[in-house]
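Take a look at the structures listed below.
Same chain, two partners: chain A is paired with chain B first, then with chain C.
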Partner chain A sequence: MQVSRELSKMLIITVMLTPAVLVALLFLAVPAALTILISLTELDYRFKWIWCSLNNYARLLTDPTTRLVVQATIIYVTGTLAFNTLWGLCLALLSTHVHDALGTFMRAAWLLPRVLPSVLWAMLMTWIFSPLDTGLLNSLIISMGWQPVPWTFRYYWPFLFIVNGFIGSSLSAIVFSSAIKSIPPDYIIAAKVDGASSFVIIRQIILPMIKWHIAFFVAYNTLSLLASFEYILLTLNGGPGYYTTEVMVLRAYHLAFGQYMVAMDFGYAATYVTILLVVGLVLSIVYWRVFRLRRLMIEPKLE
Partner chain B sequence: MSKQKNVFQKTTAVFLIVSLLVGLVIGYFIGAATAPAPGEVVPKSQYDELQKQVESLKQQLQQLSAQQAGKPVEIVITAWTIGPEKESVYRQTNLAIAAAKLNQIFKAVGIPATVRLEGEFNTASWTDYRKKLYLALEGGTGPDIFLTAHIDTAFLAENGWIVPLDDYIKKYWNWTYYDVISGLWDSVKYKGKIWGVPQDTEARPIYYNKLLLKKLGWTDEQINDLPNKVLRGEFTLYDMLSVAEEAVKKGVVEPGYGVWHRPNAGPDWPILYLAFGGQLQDPSTGKLIADMKVWRKVFEWFYEASMARRKVILDKLTSLDWNRDIHPSIVAGKVLFWMGGTWHPPQWISTWGLGKDKFWEMLGFMLYPPSEKGGKPVTLSQPMTYFISKTCKYPEVAFLIITLATDPYLNSLHAVNSGHLAILHSQLSNTIYTQDKFLAATGYMVEYAKYQPLHPKWGDYSTAIFEVIKGIETGQFTVDTALTALRDLLKSRLGDEVIIRE
Partner chain C sequence: MSLSSSEVVIMVKTRTILLYLVAVIVALVPLIPLGLLFALAFSEHPIHIKGFTLANFEFLKTGVLFPNDPRYSKLYPNVYTSAMNTLLLALGNMLFVTLISSMAGYVISRYSFRGRSALLGTFLVIHGVPASVLLIALYYILKVTGLLNTLLGVVLAKIAVDLPLGVWVLKGFYDGIPWDTEIAALVDGAGRFGAFFRVMLPLVLPGVFSIALFSFLSGWGEFVFIYTFIQTSTNWTMSMLIQSLHTSEMGALNLALIAALSVFYLIPVLVLFVFGEKYLVKVTIGGVKG
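== the complex of A and B ==
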């Protein structure tokens, strides 16, 4: 029996892809489908699938907290993304312009927050930036004779950017620094010979050559931030005050698992998550187009 | 002649001694034969009554034992209870003691069964405990007996997770239920049935720092008369605000440390609404009520107290943590008025190292003052309740355990250790209870205590109140925007289960 090469090639590819496809189906597609279905029900502490079509979405539109929640999400995602990308870039540039060992050490040190258990990191940061006199910064400030600053109470967005940014920027630093290191040194040497300053080298050579990496990271981090709420929950819990830092996915968590009388509003929470799912899909497509990520994947015409 | 007399005397003496000895021996044997069984003297009538009451249970268990070839039935009852404060551990211990008592009763009456109590006393947060409990009840792996606040009755009953207890209570009325303070039954009555047995109750007073009041210039007499002034309607909520404002202005307390309350959602939030005369539930329809005129008064009070006006309530208060910030600050004497609960002093004394004498020296307690001069003070109670779940295989046995735990001695042990109040009339004359100075001093508060309404959507209403007041204190809301926010939140979350009265 002669199996054509085409067919055997397809077979091999299918077999190799099957595990990945199964995982994606089981852990991504099925939960997504279930979430969308739950958002069409009144599933809560009664644990009954009471179909209510789009009532939850109507409730979302009339809910007085929706506007604040969406606002918080936009601020959080854009701010943390900017911090992660720009600071990661800075770190990568700095750590690749110094001695190799020092650079590696820098990046490893910046990995520490990411490696710490999130509860520990959150406790540490809330202690450092506590608005009361007992926080680390405030006690230092008071000992120098100045007035204590209400860090997490008034400057909560910068606080959150720092808490999450220290985690996210370590990843971008590693990605960008490895990208920078893979730039053929001839370009840099040639530029130096021509008398280019460091800034010019960075702007004209390095940045353009790592643009794919930056684009990838921006796309990846946006989607990841849309679903990130761990550190907000552990530090500010959506506060201080009335829904100031309550991002959409945190709102969903609170509705489902964090209510005082444990009403477990799964249906309504799933509504927020479904919307995030749709936003994520749309953004992925937008990024795909805008960054022309397709070109990242096709085989190079020249090798 | 005298020799004969000697012999006669000797014989008589010997005869007397021998008969004495014989009499002693006979008497001992008679005594031993008629002595009651060691330690138990029960009038036969009571014993017969007991036999009659447990007759059906006895038959059921005898049948089960027969099915097992005559081996006694081993009954395992699981019980979950919560503090979260560790001082309330008797909620669990009393059940274990009751199970031991039940075993003795079973032995005395000849029921072929042994009861063992297993389970846990939880010290996690209420939200974590409720989540664990509800998910277990739904999944069928829940406990047979569990303790939770009476306010959960609506959820538990609506979901069919618990058995109504009216019949058992009627059957075992004479054991202990005649003794329960009658107002407590209202806290567990939902849709015409009784769903749980009250385990304890409490009151939520306002604690005032006597040392700070002294610094403010109050005399000892004035300080000690303060709770009475509240009772007489002479000291109002706004008077309290003025005192706190003065303390802040004179530097006796730091700005924002005048009046403190809980930093999270909880039962206390409707108290001021009740103090201002608001009604929470419509008795005919059972729907919840939001009287916006009363809410305006409540929000005006909070707005006046906030850092935007009199600087009496800290704006960061709702971001603080119970154990890291709240209790340590109170114990350190930094807060003038604290809206707390009767279970806090045992916590302060036991966990936060406040000496008992120091407590009495530093803190006094009063009801929530009335809103106007001549009005009535108010407080809130949230009785804890034992429930029996539907999955319990031996509900009558579980009920008997709860019944035996609802005992004036056992309950007084719990009350004294944890700062909760009596549920039985006979506790009020139990020496352990009456000797406790704090319980004696707070007992009167139960008369003024109201309950939260039993309704499945009460949690949404209560949380909305908390969220809006949080917004007022952090400076995000004025009184008008707060009212709008509350109205929108209630409409959105409760729909037509709430009656909004403008």
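== the complex of A and C ==
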């Protein structure tokens, strides 16, 4: 009896878990290992494995573009992160201070850019902020008799912060507002009775009580921003000019899948990705400790 | 200076009205780009918003984008071919992600076994780091297996990317169901499989629905995998068709046509969004809280 129960447990686990493990192994774990291996080769359009030990890493250190790329990555991640967190906080505070129906509608509306296909969102933003006279903002400005503004040529970082931030702040708004709603109303009522203004309540009660949610969002968002490049690829594609908005993943993408055959420099491209994978892994381990994520994985008590 | 009570009431009322005004304006901001897109799609002028016409939707009749310019038309696939590919990718992704994660989420929630924490941890880390960084290796794998330039290859890669979130969210939903419910089913003579299909699965239906909706929309909007892995234009999805038109010379002159095509592409998204918004929020929160 005992043996058959063990057996049926094994059977259930195997049958129901195998597909997930298989997919994760074949399309996530193997590619991660493969990326590291490719970074040690001169793999190019001929798809021949020519080992070159750490040559690619040496090349990365001496490459004059590396500094620009790292710089762009830092600006992109910190700028977008600041936009996502601060604007998300504003949305959360605003939507919890008005009637619940309006607040819910507001958060839903801000979820829309996230749900839109990336191509459409990028196209709309490019059209609105186009530096050409045909762009929406510029055609409005011209019709009023003013000089057109070269939006994305001059203000390329703010443009990217808006394009990405409209999407990222919907997530932070939802997370923060559900945290704000879980604050016991007694605290806020007591503060109001004592004559505290809304500003004081936000600063002295709400913000301290949701600081862990904010920290978690910042940590989590840093990881995903480090690896995000889709909206840059779709809008400015590393420009304008010389590597101004070329972040690390985008650089890897261009090295591997640029327009010409000479671009298929998979070995060197994988070097950038490997560095990002290592950074991501280190950050994950740090977060693991800081946020005590282990408690999410408590073993089930019964079986 | 002391204020009389009526002055205080007026001040509070003004502030409340101001607060609501700001809130309404902020709530409408993300809808503006969408409104502009619709206005452009029905515009008489090819670049500016002007008048109202249905002419931009002519392509719906035959699926041919430039009927007056056959040479140029040949560069692009039939719109309905692209739409079909988009639907296949979205449905394939939805079906497999939902099926696989509803099984895996159950086992991870209810059983303890060796490697459970490692598996969950891996899913959490991978979910945090978008798998698009693995494009180079995925390209190599698809090339070796002969799946490059096929929709199947894209679907497989897409499933892998969306699966970790699905497992986490559904594990959370299963965790929320008390053990008593399942034990009652077992006492009544159901096997573990029977209890899973007839008792547990119906109870986590909102979770299953959320993941299905999320993975459908994720597949429907996918761009980078198509752009990287697909060369043949008959295997394009709508996202690739629109992007390719947008960056071409002809497209820059026909913005209204692209807008009309975008509206066609967007309708299913908007319908699903309006009806399923509360489920999508569940995925967003569940994905972070675990």
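As a convention for this text, the second predicted complex is superposed on the first by the 248 of 303 C-alpha atoms of A that agree within 3 Å, B and C clash if a C-alpha of one lies under 4 Å from a C-alpha of the other, contacts with A are read in each partner's own complex, and residues count from 1 in each chain.
The rule is simple: a residue touches a chain if its C-beta (ideal position, glycine included) is under 8 Å from a C-beta of that chain, and two chains touch if they have at least 3 such contacts.
Because the structure is a prediction, the values reported are computed rather than measured.
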Notebook entry, point to check: Can A:32 be said to touch chain B (first), chain C (second), both, or neither?
Noted result: second
Margin query: On the A-aligned overlay, A:227 touches which partner chain: chain B = first, chain C = second, or both, or neither?
Written below: second
Check: Counting residues of chain A in contact, which comes out ahead: chain B or chain C?
Finding: C
Next item on the list: Pick one for A:263: touches chain B only (first), chain C only (second), both, or neither.
Entry: first
Check: After lining up the shared chain so the two structures overlap, which partner does A:166 touch, if you call chain B first and chain C second: first, second, both or neither?
Finding: second
Notebook entry, point to check: Should A:64 be classified as contacting the first partner (chain B), the second (chain C), both, or neither?
Noted result: first
Item checked: Partner chain(s) touched by A:140 [first = chain B, second = chain C, both, neither] -> neither
Margin query: Under the stated touch criterion, which partner chain does A:47 make contact with: chain B (first), chain C (second), both, or neither?
Written below: both
Margin query: Once chain A of both complexes is superposed, is A:280 in touch with chain B (first), chain C (second), both, or neither?
Written below: second
Check: Same chain A residues contacting chain B and chain C, which ones?
Finding: 47, 257
Note to self: Applying the document's contact rule, which stretches of chain B touch chain A when the two form their complex?
What the structure shows: 126-127, 130-131, 134, 138, 151-152, 155, 158-159, 264-266, 315-316, 318-320, 325, 458-460, 462-463, 466-468, 470-471, 473-477, 485, 488-489, 491-492
Item checked: Residue ranges of chain A in contact with chain B within the complex -> 45-47, 59, 62-65, 131-132, 150, 152-153, 236, 239-244, 257-264
Checklist line | Of chain A, residues touching chain C in the complex | finding: 8-9, 12-13, 15-17, 19-21, 23-24, 26-32, 34-35, 38, 43, 47, 91, 94-95, 97-99, 102-103, 105-113, 115-121, 123-128, 134, 136, 139, 166, 170-171, 174-175, 178, 216-217, 220, 223-224, 226-230, 233-234, 249, 252-253, 256-257, 266, 269-270, 273, 276-277, 280-281, 284, 288, 293-294, 296-297, 299-303
Checklist line | In the complex with chain A, residue positions of chain C that touch it | finding: 19-20, 22-24, 26-31, 33-34, 36-37, 47-48, 99-101, 103-104, 106-113, 116-117, 119-126, 128-141, 143, 156-157, 159-161, 163-164, 167, 179, 183, 191-193, 217, 220-221, 223-224, 228, 238-240, 242-243, 246, 255, 258, 262, 265-266, 269, 273, 277, 280-281, 284-285, 288, 290
